[in-house]
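Shared between the two complexes below is chain A, which has chain B as its partner in the first and chain C in the second.
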Partner chain A sequence: MTLLAPAVAAPPRAGRKPRRDNRFAAWLFLLPALAYIVVFFGYPLAANVVMSTQDYTVKSFYTGEAPFVGLANYAAVFGNPLFSTAVVDTVLFTAGSLVFQFGIGLALAVFFNGRFLGSALLRSLLLLPWLLPLVVSGAVWRWMFDQDHGVLNAALRAVGLDAVPWLSSTGWALPAVILTNIWIGIPFNLVILHGGLRAIPASLYEAAALDGAGAWQRFRHLTWPLLRPVTGIVLMLGLVYTIKVFDVIMVVTGGGPANATQTLTTWSYRLSFQDFAFGQGAAVGNVLILVATVFGLLYLRSAKATLAEAAA
Partner chain B sequence: MPVARRALVLAASAALLAACSPSPAPTTSSSAQPAGSITELDYYADEQGSAAWQKILDACAGQTGIKIERQKVPTSQMLPKVLQGASSKTLPDLLFTDNPTLQQVAATGALTPLADYGITTDGFYESIVKAGTYQDKVYGVAPGVNGLALIYDKDLLAAAGVQPPKTWDELKAAAAKLTKDGKYGLAFSAIPSEEGTWQFLPFFWSNGAELSQLDSAQSVKALQFVTDLVNSGSASKSVVTWNQNDVADQFVAGNAAMMVNGSWNLARLDEQQALHYGVVPIPVPQAGAKPVVALGGEVGAVPVTSGPAQQAAGKVLSCILSEPTMLQWSKAHAYIPSKTAVAAKFGTEQPAMQAFVDEVGSARSRTAELGEKYPKVSQALADAVQAALTGKLPADQALKAAQQASGS
Partner chain C sequence: MKGRTVAGVLIVAVLLFPLYWMVNASLQPSGALLRPDPAFFPVDGTLDGYRKAVATQGPNLLSSVVVALGTVLVSLVIAAPASYALAQLKVRGGPVLVFVLLIVQMIPGIVMANALYTVFGNLGLIDNYLGLVLADSTATIPFAVLLLRAFMISVPKELTEASRVDGAGYWRTFFSIIVPVSRNALVTAGLFSFLFAWADFLFAVTLTTGRSFEPITVGIYRFVGNQSADWNGIMATAVLAAIPAAVLLVVAQRYVVAGLTSGAVKD
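== the complex of A and B ==
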C-alpha cells in the first residue's frame, strides 16, 4: 500500500480539471478493493479454469509443465458414474438443508420476536452451533449417530423404536449429514430473520389486531410479505453456503459409505487429493462455481426488482 | 499531468499485484542462509506421537549442532502442503511422510537421492527400502516401520474359552463366539480412504491376491470373508465409518473383543489399567501360511532446496536413522526398528511387539509394484470394500467395478 503514497502525495492540480480528478479519485478509492478481488478471486478462478483444461499431475506442481488437453477433463468427469451420484446428492443435500434450516429458523425467529423472560439468553444459546468450529460439531454428530452406542439410537430404543444405521447404511447417511447441516445452519437463519422481524413496525401489528386479525392472519398478511426481502437474502446466501459445504460431510462420513454422501465438493477434493487427477478436480469445481453463479445472478435480478418495487 | 499520474498508479498497482502473487523466486533457505538450521515437516500431530518425535529431533539437533525448525500438519494436510511447497519452491529441508506418498513426491523431481549424503540402506528391511525407492534410486528411508496385527482382550477371550485365532476359520468362529451382550467379536476400519485399503490389504495379500488384478478369485474370497464377518453380526456395520482411532476407542471401551490395529496404539492400551491385551499376527487363510500385511511408517526424504541446507538435512536424517535413535523412537511410539538386526533385539526386549516384528519380515510395500499408480488403485479398492460391506454390490461385482475404475 505504501507504493500508492507517491500518487496520493503528488501536488493537487487544483481547479484545472475538477471532474476528471473526481473520477480519478473515485477509482483510486476503488483500487484496493479491486486489487483484492483480482488477486484473491480473479486469479484463483482463472487458474482453476485453466487447470481444468490441463493434464495436471503431482509432477506439474514442481515442474510447472501441464499439457493442455482441451475438454478431456470435463468429458472424463461427465462420463464418470460418480458424476450423477454427486449431482443428485448435492441437490438433495442443498434443498433438504435449506428447507428445514429456513423453516425452523423462521419459526424460532417469530417465537423470539415476542418479548418474554429469558428470550435474549435463550437466543444467544441457540447461536452456539454457529460459533463452534465445524470440525467439532461434525465429530460430535458422528458420535451421536453411532449405530450401537450413539445417543440418537439410545433415544429411539428408549421409546421402543428400532435403531437406525445412520452412517453405515447407504440410505441413511445422506439424511444424517443433512440433519447435521440443518442444525448448524439454523442460527444463521434465526439471526437474520429475527433482525428482519424487528424492522417491521409494531404499529402495523397493533392496527392489524384492531382489525381483528388472528395470529396466523397477521403472519400471512403482514410478517411474510414484509419479510420478503430478508427472506430472499437468507435463502440465497444459504444456497451459496450450502452448495459448497465440505467440512461437515468430510468429518461426518468422508463421502461414504460407498459414496452415498459424495457431493460435488467432496468429489472434487477426492479427485484432486486422493486420485491426484487435479484437472478433473478443477473441472468439478468449475461446474460448482457455474451453478452458484447462476443462482447469484438470479438473486441480483430479483433484488433489483425488489428495489425497483420499493422505489416505485 | 493526469496521464502521467495515472501511469504511476497503474505501475504501483501492478507492483502491488506482483507482491501479492506467489513469487517464483527460489526458497528463502537458499545459500544465503547458513545451513546451521533446517526446516522439517512431519504429520505426527497427535499428542503422544508429537512429543516422542520432538525428543528425537531435539536429540539429533544436539548431536549434529543443526537447529531444526519443526512444522507439523495433520495427516490429510501433508500432501497438499508438500504440493504447495513444490509449486512455490518452498519445500522443507527435511520431510517425513507416509511411505506410499513418497512415490508421488519423488515423481515430481523434488527429492534428492539419499546416496548423495552417504546414507545407505544396508541392513534395512527390503520392503521399506522398496517403498522408498523410485526409479532405482532410494529417496526415502524410515527410522521405524509399522504394520497391523490382531489385538485381543485376554479377559474376554478367557471368559468365552476362546484361543487367539490363527486362521480365518478360527477368526470367524472366535468372533462369532465373542459377539454377545452388545459386544462385537471383532472391530476393524473400512473407511473409504487409504486407511481402509491399508486395513483390508492383510486379508487381500495373505490370500494371494495382487493389486494388479483387483477382481481375481483370491481377492473376491478375501472380500467375501470380511463381508461375511459384518453380515453375520460378528463385526459392527459401523466399520465403514470407523477410522483406526475409532476402532481403538471401541476396543478400549470394551465394545469389541478383538481388533485389527497397529502397534502405535499400544501406548494407549497400556494406559488402561483394567485392560489386559494380547497381540497375535493377523490370521491367515490356511494354517501354516504367513500373514502378508502392508508396510506402514514414515520415510524421511531430502527435497531439493540448496546445497548447504540439503547437506545439513542429510546429516540430521543420518542421525535419525542411527541405531540408538531408531531404537529410542521405536520404543517411544511403538514402531518396529527398520533394520532387521535392531528389530530382532527390540522384539525380544518388548514381548508385546513380537507379533509385529514377526510380520514385518513378510510385509509388503504398497507402492512397490504400482509406484505412482498406487493411489488410484487403492481408492478403487477402498470403494469396493465399502460397496460390499454396505450391501450395495456383491463382493465379486464390487471388485469388478474397482478393477475397471483403477484400469481406466
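== the complex of A and C ==
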C-alpha cells in the first residue's frame, strides 16, 4: 500500500504536496504572532468595548461585579462639561503642533538638502530630541518654563519683557505644552521630508535654474508639488500620533491648571486611573479609537502607493 | 558654502539648547539653580545630582534595563518567524495580517493601558516585570514585524530555495539562512524595541504601583511632582535616562544605514 499508493496518485500530488506542506509550516511560523495579536489586541479591545457599557469601579476588581448600564457612560461623558474642554484642547494641541512641526521641519529639510560642510553630521544631531524619552523632554521643558527660575523667563526679562506664568496660568499652559511638542516633533518631520527631497532629481532643478527660476519659484513650482505624496504621509502620521500624546502633557502640566491642558487622552487617563471610573475612561478611549481609525484609514489610503511599492 | 555651515551650526545650537540646559542644570548645586539669573555654565560644578540620582533612581534604571531587554527578546522571538513567513512563504491571509498590524499601531496607548489594566488585574500581572514586557510588546511587535518583513522580502529566493534543495527544513532554513542574513535588520528592530520600552511611560505608570518596582520614566515623573525644588537631581536623572538615546544615535545609525543598504543590494 505505502509503496503503491504514491505511484498511482503521483501526478496530482506532486504538485500539491509541497504547497500544503508549505502552508502548514508557514502557519507555524506565524502562530506566536497571531496568538499574541488575539490575546493582546483582540481581547483587550473587546474588553474595552464591554467595559464602556459597565459601571466598572475599584470595587469591581474585588467583587468581579460590574453591572451593565447600557450607554450611561457615554451619556455621562458627553454630558460632562469637560468633554468640550478636552475636545477643544485636543484640536488646538494637535493643530498647533502639526502646523509648526511641519513648517519648521520643511524649512530645515530644504536647508539641509543643500550640500555643505558638516550637513550630514548636523542633521543627525538634530535627531536627538526625537530619540529622547518623552518624559525626559517633558521634565527639561518644565524646568525651562519655571516661572521664577526658568531660562525662558530669564531671557524675557533680559530683553525687558515681563515674565510669563507659563505653567500656572490657564492661558499660557496650552501654548507651553504645544511648544514642547513642536520641539519634539521637528526631527520626525525633518527626516521624512528630507528623504522626500532627496528623491527629487537634481536635473529638474538645473533645468529650472537655466530657465531663470529663482529659489522661491523653484520651491513653489517644483519642490512643493513633487513633495506632495510625502507631505500627505507626514501630516497624516503626525495627526495620528499627536492626537494620542500623553507623556508630554502629563509631565509638563498634568492636564492642569484647571484642566487648561486636558486632552481626550489625559482625560481618559484621569477618569480611569484617578477617578477610578473605568467605564467612562473606556468610553472616552473608544471615542479616541474612532477618531484615530478614521485618520488612520485616511493615512493608509494616502500611503497606499508607497505600500504597494513596498509589497512588490 | 561656509555661511551655510555657520547657519547650520546655529540652528543645531538653538534646537539642542534644551539638552544643553539639562546637562548644565544637572551639574549645578540646587541653590545655584534657584537664583534669579541662571548661570549659563556650571562653573561651580557638582556631581551631587548624579550621586542623588544613582542613589534614589539606580534601582529604577536597573528595572528599566530589565524591562527593555525583556521587550527586545519577546519582540524578536515573536516577530522574526512571523516576518519570515510573511516575506518568504506564501501565506493565505498574509496581506490581511499586514493590514491588521498597520491598523493596531494606530490604537491610542491609553486605550490599551485601560484594557490591559483590568485584564492584568485578574491575571496578577500588575506590578510584574513580565506584565510590563508583554504590554510594551504591543507597541514593538507590529513595528518589528513590518520592519523585518520589509527587509526579508529582499532576501533572494535562490538562497532559501538552495537551502531547501539541500534538504533543510523551513526551521533550519530560517535559522541558518534568514537569521544570519537579516542580522542588521534584527539589530535595528531590537534597538528600536529597546528604546521604546526604555522610554515607555504610559504602560509603566498604569501597570505598576511602585510597590515592587518602578521604571525610570515613572521615577522621573514622581520626582518632578514630589520635590520640584531639586532640579539638580531631576536633571541628573534625566541625563542618565537619555543615555540610551544618545548611544543609539552614535552606534545604531551605522546599523540602520547598513540594514538599508544591504537590503538594496539584491541581484
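By our rule, the second predicted complex is superposed on the first by the 258 of 312 C-alpha atoms of A that agree within 3 Å, B and C clash if a C-alpha of one lies under 4 Å from a C-alpha of the other, contacts with A are read in each partner's own complex, and residues count from 1 in each chain.
Note that contacts are C-beta pairs under 8 Å (C-beta built on N, C-alpha and C of every residue); 3 or more make two chains touch, one makes a residue touch a chain.
Note that this is a predicted model, so its numbers are computed, not measured.
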Touched partner set for A:F61, first chain B, second chain C, both or neither: both
Which of chain B and chain C A:Q274 touches, first, second, both or neither: first
Touched partner set for A:D148, first chain B, second chain C, both or neither: both
Chain B versus chain C as contact partner of A:L92, first or second or both or neither: neither
Which of chain B and chain C A:Y43 touches, first, second, both or neither: both
Per-residue contact with chain A, leading partner among chain C and chain B: C
Set of chain A residues, in rising order, touched by both chain B and chain C: 28, 43, 61, 142, 146, 148-149, 254, 273
Of all residues in chain B, those that touch chain A in their complex: 1-2, 5-6, 8-9, 12-13, 15-17, 20-21, 76, 79-80, 83-84, 86-87, 104-105, 107-110, 182, 184, 191-194, 236-241, 253, 255, 372, 375-376, 379, 383, 386-387, 389-390, 392
Interface residues, chain C side, partner chain A - complex: 1-2, 4-5, 7-9, 11-12, 15-16, 18-19, 21-22, 25, 33-38, 77-79, 81-82, 84-86, 89-92, 95, 97-104, 106-119, 121, 134-135, 137-138, 141, 145, 150, 153, 169-171, 174, 195, 198-199, 201-202, 205-206, 217, 220-221, 224-225, 228, 231, 234-235, 238, 241-242, 245-246, 248-249, 253
Contacting residues of chain A [partner chain B, same complex]: 1, 3-4, 6-7, 10, 13, 17, 20-21, 24, 28, 31, 35, 38-39, 43, 57-59, 61-64, 142, 146-149, 165, 167-170, 253-260, 270, 273-276
In the complex with chain C, residue positions of chain A that touch it: 22-23, 25-30, 32-34, 36-37, 40-41, 43-45, 47-48, 51, 56, 61, 108, 111-112, 114, 116-119, 122, 124-129, 131-137, 139-144, 146, 148-149, 151, 154, 183, 186, 240, 243-244, 246-247, 250-251, 254, 265, 268-269, 272-273, 278, 281-282, 285-286, 288-289, 292-293, 295-296, 299-300, 310-311
